[in-house]
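Next up: some structures, all given as structure tokens.
Next come two complexes, and both contain chain A; in the first it sits with chain B, in the second with chain C.
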Partner chain A sequence: MKEGNGNHDATTHAGMYYVELLLVGLIWGCTYAMMALGLTLVYGLLRVLHVAQATVFTLGAYIGLLAANHTGSLIAAFVTGALAAGALGPLIYRFVYQPILDRPPFVALVASIGVLVAMEDGFRLLFGPYGLSFEDNVWFTTTYAVAGMTVNLVQIWMVVAAVLLLSAFAVFATRTRAGVAWRATVSDPPMAESFGVSVVGVRYTSFLIASVLAGVAGVLVGLLNNLVEPGMGGVIAYKGLAIIVLGGLGSVPGTLAASLVLGVVESYGTVFLDKLLDRDAIAFLFLIVVLMVRPQGLLGGR
Partner chain B sequence: MRTLAPSLLTRPFQGEGRGGGEGTDRHDKEEVTMAIHRAVKSASTTLAAAALGIALAAPASGQSIRIGFHAPLTGFAAADGKSALNGAELAVAQVNAAGGVNGRKIELVVQDDQAKADQAVPLANKYIGEGLKIVVSGSYSGPTRAAAGVFQKAQVPYISAYAIHPDITRAGDYVFRTSFMGEVQGRAAAKFVGEMMKKRKVTLVTLNNDFGQSLSAGFKEVAGKFGIQIASEYSYAMGDRQFGSIVASVKRDDPEMLYVSGYFFNGGPLVAQLRAGGVTAPILGTEGFDTHNFIKIAGQAADGVMITTSLDRDSKSPETRKFIDDYEKKFGTPVDMVAASTHTAIKVAAAALAKAGGEDPAKIRGAIAATRGFQVATGRISFNALGEVYKAAQIQVIRDGRFRHQATIDDPQLLAPPTK
Partner chain C sequence: MSEGNRWTTTLSVATFAALNVILAIGLNLISGFCGQVSLGHAAFYGLGAYAAALASVAGVPFPLAILGGVLVAGAFGIVVGFAALRVREDFLAIVTMGVGFLFLGVVRKQPWLGAEMGIAKIPSPLDKWGYAALAIGAAAALVLLSLHVRRSWMGRAFGAVAQDEDAARAIGIDVAGYKIAAFFIGTAAAGLAGGIYAHMTQLIIPDTFNFIQSITILAMVVIGGIGSTYGVVVGAILLTLMPELFRFINDYKLLVYGALLLAVMRFSPGGLAGLVQRAFGVRLA
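And then the complex of A and B:
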């Protein structure tokens, strides 16, 4: 942008402004999608609202950041962040959810919230209260000008990672034996088991997939904010719940659509409704409005 | 400067915890989740508070004078709580090294308020029950505001180090504040932008809590007087770290300068995103950015960012120099505004104890109220009839990753705090 207040190409700019807001919203939507897909998987399988996914997200971000600052490589950040997250998720399943699976779902929800709250202070004790930043966040400072808009490499990677990982998941779910077994387990666990599907194996796989997605999202959000902090998962966890409800609980396409729509609504909302409502309030107001009109969610059938 | 809404209910949806800072109940709640969340949280905090109470309320050594000090040592504001405690501990160490107060050592009785208003009242009663005669708040507006009334009623002098809410000192004549009120700091910012930077077209980006809104209100109140025209204003929430929409809007508005409020954890990402998005206009921030963490987060983008604050890193005053040098030696981290503010408040308390010559609360109160031109880490301070402070405002600029002196605004008329 030029210095001062010249009204250079003002008209193109005005039009591009709305496009840029749309783009911003879609990028946010990709973050939400990576988080919400995992929540949907777990909900579909266990009927558990996996709030502690935010803990997995935050751990991924911390480990990724430490790896990046240690090795100087952002690729290392993604690998280690995904590994750490991928390890933590199944552990949470094994030690938190599995022992109480025969209880009503709210018991698991309480346990999940307990993990989230405890680990928020756990991260604070482990990594300090101030939050940590990347020493050399080259992706953030590498920017591209496209038609008057500026995007940085992290934003591009956010979209690329979301598309790649979610496509990989789609291929897995529809084209592989394991995927078919997984879908069978979601719709009818006893039947799937009688056909020799390992229900337990499917559960671990689901937590693994959900957690790797969350870990990658955590590193990306850490890079976008250049800040990894103990409470960074909180907002996204609760919003993730809103998204899976919006998407029509358990529906993968619905969840993805809801993620993108919510990102865009927030993007416009933060500019045009900012005097009335803050961003999170916009998100939940949108949820309420949608549920009043379409109780089954955005894409829900029924 | 900090605030915290008393409503616990709003907290979880703002996630982050820091979200607890917005004075709003607008969030729609999922009752069940919230109730559970609250139950878990309060059980764990009760335990933590009990443990801490036992650890910290150990019997006082007979001779020393005890000063109550509460700060958010855990919870979302723990980062500031840590700086707050560091600043206070340094002040105590310096006072004791210089011979103490009237031949007696001083010591802190520390409690954790988690930056929550509901923790503050029991905590205040505990101090009063233990017979403490002076208490300093190293916390945000929520708990400080709640405790102020309790201390006023018990006639125990109470000093707020950096909480900004106007109602704090209105609790009565036993309550004082050593930091700028938001409006005062906002007025200083307007003078700097209009008169010194000579910028006319300004965009405000405001954090939508007491802190951000009072800063912007002060700025707007006198903007016209300094020839400033507000081109646009955007606001954001405490939990926000992503500002793509605001960046796009600022680019469209193309202002000559930006006035941005918030804390380092909002401001760092915001400034970085503005610069990465191609916004080159100068940025003036607030004392919420006054910590090295802001520079760590914003990285290169921090360079050239200016802030209004009360700590001048390039000050020649021996009191400020000694604070900066001793702090960095003792804690190995750079000073920040929060540490300087609690350091100031403890120094004011110690000086008042010395002047009062004993532990008579009325005399201590009188001594604080009579403070005029007292040299502390944050400059020369005086109190007015309401217990609000007057001091010069500092404009600092970040150069090569460090805060440096840019300007000092010493304008008693413009920066006069309210008297009622």
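And then the complex of A and C:
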């Protein structure tokens, strides 16, 4: 805040409000990043818009919630949520995408939408249409005062988890043999294969990473809303697709930047555009405006 | 169920089947013939419904209100057609999905569009038979148009754009013009279905035109066989009848739609038309 100097209470207050919106936007941006990174990995490798990632996200949230309510431990929620999600993602690759990879791109996209629509209904039948809540959501009720704002522990963990997991991914991609093999496969699959890299192994690894990230994000969003419901994955996965398109499809730095930018745009948008359109539409308005100006995305090449 | 009641149900199912045929034929023109994947077709259905409903409520005569719906949907379709000149394939799929969310997001917040409550008490000038006749007549006309377009110069140009845009441009096809034309015809058709729907039900709410509706229309096209007019007609009618014929499916409708989409993509990406072609060696128009 530049102009606030204590004498102008109203200005200071308004200034704080904008800072708070920025913070809330960045917190959501971190969660979007965890979702969108996986979508970018899959797109970079297979040219598939992995809409069914929403299913992985929602499954992580449900399993996490059941574990938390059963054991009373949120750590158990994250471990089981990540494990369940991590199992589902590679299965989707094996049984949905792998048999149809040589077909035109819309085939995999439609199949993916099919998985999403069917599983959303499946969650509704299994767990009921109104959603479930955590019995003892300690993180939600534990709040801290950060620079004059109230932040709960879930929000703090959203940032910490995103920073930790994305840093771990960066170390994996740049510092390990598996990471180098992975990057080689993304840029040139036949060449990587001729150097002895298992392309199929790399694909499974990507789906595993993408799914674990989505599962953890699912548990976090479930905790933040204190609600896990069948449709929770859909909206965030659609936004995730908007983000990876914004970031330039397949570009990891572009995706991370676009996640944070979208979180902030949404945060301000819900305040300034409230009369015009609802929160979920802001992401797409922003996407369409950006693409009309820069069809290759924010950081996309070409 | 009394005899009269059964007739009424049959009639309304037939009308809905016809509306779905109109929607699916329109989307097939855009995605099947011209190769531009659209995940937001329900938005144009909604635009037609809202425009026609507002006009009718304001006292505009029925035929003009319907025409208004067609033109408004078509006009927005042209705008999206222009967007399709900037972005391609996967980018376009996400943009059209975004158009759907944008339409809903705006309608939900506007008091003059009824916000979440929608528009009620839309005047209804026809009886059930009238709407059935109108919808089936319009669907038949669109099927003929679709068959004609496929055989015409325009249809061949659409095919060229779908196959390889750059090659089409290189041989002098006006790619931009044909893309916009495909979007205009397809979305105007959706607007027509919307106008009929609004007057028939006399009540429209935003959720009728959501992403799931877009996917349902896409499911009709894909399951019938993308690019094949006859296949798409069969797909639309089948998916409309399915929940009616098998009552137990109604509770699991989306589960079945989703599983069907997946199964068709996995085993027969050409849909039912593709199956017919494989079994009998006949290529359906």
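Here is the rule we go by: the second predicted complex is superposed on the first by the 290 of 302 C-alpha atoms of A that agree within 3 Å, B and C clash if a C-alpha of one lies under 4 Å from a C-alpha of the other, contacts with A are read in each partner's own complex, and residues count from 1 in each chain.
Going forward, a residue touches a chain if its C-beta (ideal position, glycine included) is under 8 Å from a C-beta of that chain, and two chains touch if they have at least 3 such contacts.
Nothing here was measured: the structure is a model prediction, and the numbers come from that model.
Chemist: Is A:S133 touching anything from chain B or chain C once the two structures are fitted on A? First, second, both or neither.
Modeler: first
Chemist: Identify the partner contact of A:W28: answer first if only chain B is touched, second if only chain C is, both if each is, neither if none is.
Modeler: first
Chemist: Once the structures are superposed on A, label A:A147 by its partner contacts, choosing first (chain B), second (chain C), both or neither.
Modeler: A:A147 contacts neither chain B nor chain C.
Chemist: Looking at A:L285, would you say it contacts chain B, chain C, both, or neither? Reply first, second, both or neither.
Modeler: A:L285 contacts both chain B and chain C.
Chemist: Could you say whether A:V107 touches chain B, chain C, both of them, or neither, answering first, second, both or neither?
Modeler: Only chain C is touched by A:V107; chain B is not.
Chemist: On the A-aligned overlay, A:G122 touches which partner chain: chain B = first, chain C = second, or both, or neither?
Modeler: A:G122 contacts chain C only, not chain B.
Chemist: If you stack the two complexes on chain A, which partner ends up touching A:P99: first (chain B), second (chain C), both, or neither?
Modeler: Second partner only, chain C.
Chemist: More residues of chain A are touched by which chain, chain B or chain C?
Modeler: The partner with more contacted residues on chain A is B.
Chemist: Common interface residues of chain A with chain B and chain C?
Modeler: Dual-contact residues (chain A): 106, 109-110, 113-114, 117-118, 120-121, 234, 238, 241, 274-275, 277-281, 284-285, 287-288.
Chemist: If you look only at chain A, which of its residues touch chain C in the complex?
Modeler: Contacts found on chain A: 43, 47, 49, 96, 99-100, 103-111, 113-122, 125, 234, 238, 241-242, 245, 249, 274-285, 287-288, 291-292, 295.
Chemist: Give every residue of chain C touching chain A within the complex, in rising order.
Modeler: Touch list, chain C to chain A: 31, 37, 39, 83, 86-87, 89-91, 93-95, 97-99, 101-102, 104-106, 108-109, 211-212, 215, 218, 222, 252-263, 265-266, 269.
Chemist: Please give the residue numbers of chain A that touch chain B in the complex, ascending.
Modeler: Touching chain B: residues 1, 3-7, 13-14, 17, 20-21, 23-25, 27-28, 54, 106, 109-110, 113-114, 117-118, 120-121, 124, 129-131, 133, 137, 140-141, 143, 145, 149-150, 152, 221, 224-227, 229, 231-239, 241, 267-268, 270-271, 274-275, 277-281, 284-285, 287-288 of chain A.
Chemist: Touching residues of chain B toward chain A in the complex: what are they?
Modeler: Its residues touching chain A are 12-19, 22, 24, 26-28, 30, 32-33, 36-37, 40-41, 44, 74-76, 78-79, 81-82, 201, 208, 234-237, 239-242, 244-246, 248-249, 251-252, 254-256, 265, 268-269, 272, 276-280, 293, 296-300.
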